[in-house]
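To start, the structure itself, in structure tokens.
The letters A, B and C name the chains in turn, as written, and every chain counts its residues from 1.
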């Protein structure tokens, strides 16, 4: 990629420069837009670039700053995963179904971040309807991993992770239903946070599995995540599952010392399937935490190995219902000359949805259907309870759980597309937090054969401040999060 | 063979909230297509439902009024199926854990006996939109204004044994929801409608027959006709060796018959599951107590009080408590007249009801108000006019809007109570009809009526009837 | 769990998804494997365990005041609609 270098690459750094008048938002936005354009053919991270609107917003931010009305994030460019509805902007969710869908409204997350002064560069590529772990299911083509463009960036927030890793966006929104923030963050060597279920509004975020979906961030650093999370969190009267609870000052909590922090290692995460080099990086990261004063003990979550099968009942069940609204009547793809009503539905949906989305809709339809509901859906909800209880028990004795985010580093594009089960097992370490509604993070902790490895942190409900603090202290000791793929430096 | 009919009704009553059950768009009837359908009602990607407090309060109000169990914990579920009037591809309803369960209502049968009809459950759900076909060749137009209007679905036990019982029960519920002010009860606009599950079985058999469900009946007349048609159809079918199939049928009022619904032919598998976008509804005692404290006097309580307080026959009490407004009107008339509650009842149920009916008006829009009617009745009671003259006065009041007194004065209808004047009129009639007088005196008592009529005619109907009777008897006796 | 071609056709019909002839065997195979995989849950002892429909325990539904705050925006909302006429969304004739 040949594009202008950046004056700084973290949100915190950019914000400091803006505050000090070293650069303007328009300058930053122009620089990032140039990088977006230069990288697009290689990475395919963006579906839509809103250059004109971004420059106008940047100019407005600069004017606000000149008028003394700037806050910390005023003028900082970011980008949104294309699952968030953005008013008057194409919102595709990575699907042919919504290839022409222009949202008439803003998601709460989008509105809140805009109100905080951020500048939206555009909409990021993703797995179709967030269903995938490799970003290969997007109707707009796969996103490539900036560390090795033959490899996947992870998914479903692959566009968000690749964009931040390549520094073509300082930070990006993302969503996580079974690991869709943490796994791509790990595979792209960036920081990802999935907050507690209900911490961030789901209004305007196109639903995949409503009881698991949660909006979050992919950033360079934990400090950046703390700055943005405060702005996007909070109670939303439009979302019945949004929790009415004060948002703490995440930035203020970043520097607290880690002495006395009790870390749990989930035994089941280290038992099998974890790549040896990845495990080595994880162990090294844990050693850093011990050096920082944390104590480490092993805990057991015996039902956690059942999280993937549980998820592949619950998530498809919810998705089969959530995606029923795409019927070719009010919005979205409609087939040519439908013969009758059923033809309209079946062909519009058959043509508009990709293979993986159809697979999940059918799986979900099956597990909810008469005669199978109890055996699959209710059974899975019971196991979900057991998994939740395992976590609750673990948090009686530890503050945070640490472990791998993903069993391997980024795999090659095409390697797993024909084998859904193998693909699904990518999320073996991340799904548990979604089932239990817990916050989780992934932070870069080194490389295996030149590819990034991520460490996962999982905390009790609403422990984002503690988690960000733990991640930040680690990032003060290390510089893995500041490494940039050579081609994008 | 003798057959017994078994009927259960599922009544859908639209709740009279201002906004929809899960969105803040208006529920008003009759707006231009899709002008009251917001992003939530349209099922746009990314939108979420938030429950309307008033809908919950109204459901609880209904539950308390039928003596039901109010669920402290109820859950919304998704009922999944594809239909153009159902924007999300699922209806948000309640399935395993409804807000109201196990209540009952009493209906009065033709022979005057009372029958308890069990109500299995009443749950909250959202209404669907409408498909329009007229003027659109080959296509249907979808209007989603109605989508998301709150409904309470009231499911009866299969306790009803005839179309008449079904109608009596439906009327009872209709009266109740209007008393409770939770539904406007407008059946033409679809605010109150029902599905009827109908089956027949040989008399004495325990096991239910196979039932057919007749969808979307929106008048009492249709309910009666559709059920009766369906009963006959099923009996004929079985007696001719056929079998009733479990299916959904539609009543065609033009042809007066039910027919199988083609669109619902495919066996539905609704795949109900708890809606993850909504949390369980948890009601505490204080919420329920507040709703209970605000309950109005219910129809049965009011009818019993009318019998007790006004010594009305049960029938009259039932008619006068058919709506809260009618009961209030009646009580206002009685209060103003200060006596003769039965006479007041006769006027409200008789002439007033007839004129309302003629002009197709509700009691709230009556051209004669309670004060006006009370004055008229008072003029009967104080003998200013007779009951018969009062009927003419009432008609004049209805047409002109004038008071009873003004009409009596203007038309000179004041009753003649002066004995000598009545006697003069009697004497005149006697002298004009010597033949009839002779016949009467020779024993033809029936001619008494003739003389009453003649004297009334001569006095322009104004002679006081009681005095006339008395004086006529004396004079005729000679 | 081995699904048949017929099973897939039934599920696809219920889900209103038209499948190409070539897609059917792919889904017969992958859905069978997925159901085998999730069938692992059967072994978990869950007697007396309450099904968990929601990740945040103890939260109750919030109730919204009954207020109308929306104004008509159907023209804007219908810009995404494939076929509208006189404010109505058009579909092939609905037969009842």
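Please note the rule applied: contacts are C-beta pairs under 8 Å (C-beta built on N, C-alpha and C of every residue); 3 or more make two chains touch, one makes a residue touch a chain.
Bear in mind the structure is a predicted one, so any value in this text is a computation, not a measurement.
Between the chain pairs A-C and A-B, more C-beta pairs are in contact across A-C.
Of all the chains shown, the one with its CA centroid nearest the global CA centroid is C.
One simple way to say how far apart two chains are is to compare their mean CA positions; for chain B and chain C this gives 40 Å. Distance between chain centres (mean CA atoms), chain A to chain C: 23 Å. Centres computed as Cα averages put chain A at a distance of 57 Å from chain B. The residues of chain A that reach two or more other chains are 101, 104, 211, 237, 240-241, 320, 324, 327, 329-331, 341, 345, 365, 369, listed in rising order.
In chain C, the residues that reach two or more other chains under the touch definition are 14, 16, 53-54, 59, 61-62, 64, 73, 77-78, 89, 91-95.
Among all residues of chain B, those that touch two or more other chains are 39, 42, 44, 50-51, 82, 84, 142, 269, 271, 273, 276, 278-279. Contact residues of chain A toward chain B in the complex are 84-85, 91, 93, 98, 101, 103-105, 107, 202-207, 209-211, 237-241, 317-318, 320-321, 323-327, 329-331, 341, 345, 365, 368-370, 373, 377. Those residues of chain C that touch chain B in the shared complex are 14, 16, 53-54, 59-70, 72-74, 77-78, 85-96. Interface residues of chain A facing chain C in the complex, by the touch rule stated above, are 100-102, 104, 197-198, 211-212, 237, 240-241, 243-244, 303, 306, 308-310, 312-313, 320, 324, 327-332, 334, 338-347, 349-351, 353, 355, 358-359, 361-363, 365-367, 369, 375-376, 378-386, 388, 420-421, 424, 434-437, 461. Chain B makes touch with chain C in their complex at residues 17-19, 23-26, 32-39, 42, 44, 50-56, 75-76, 82, 84, 131-133, 136, 138-144, 250, 261-263, 269, 271, 273-274, 276, 278-282.
The touching residues of chain B, when paired with chain A in their complex, are 39, 42-51, 78, 80, 82, 84, 87-90, 142, 269, 271-273, 276-279.
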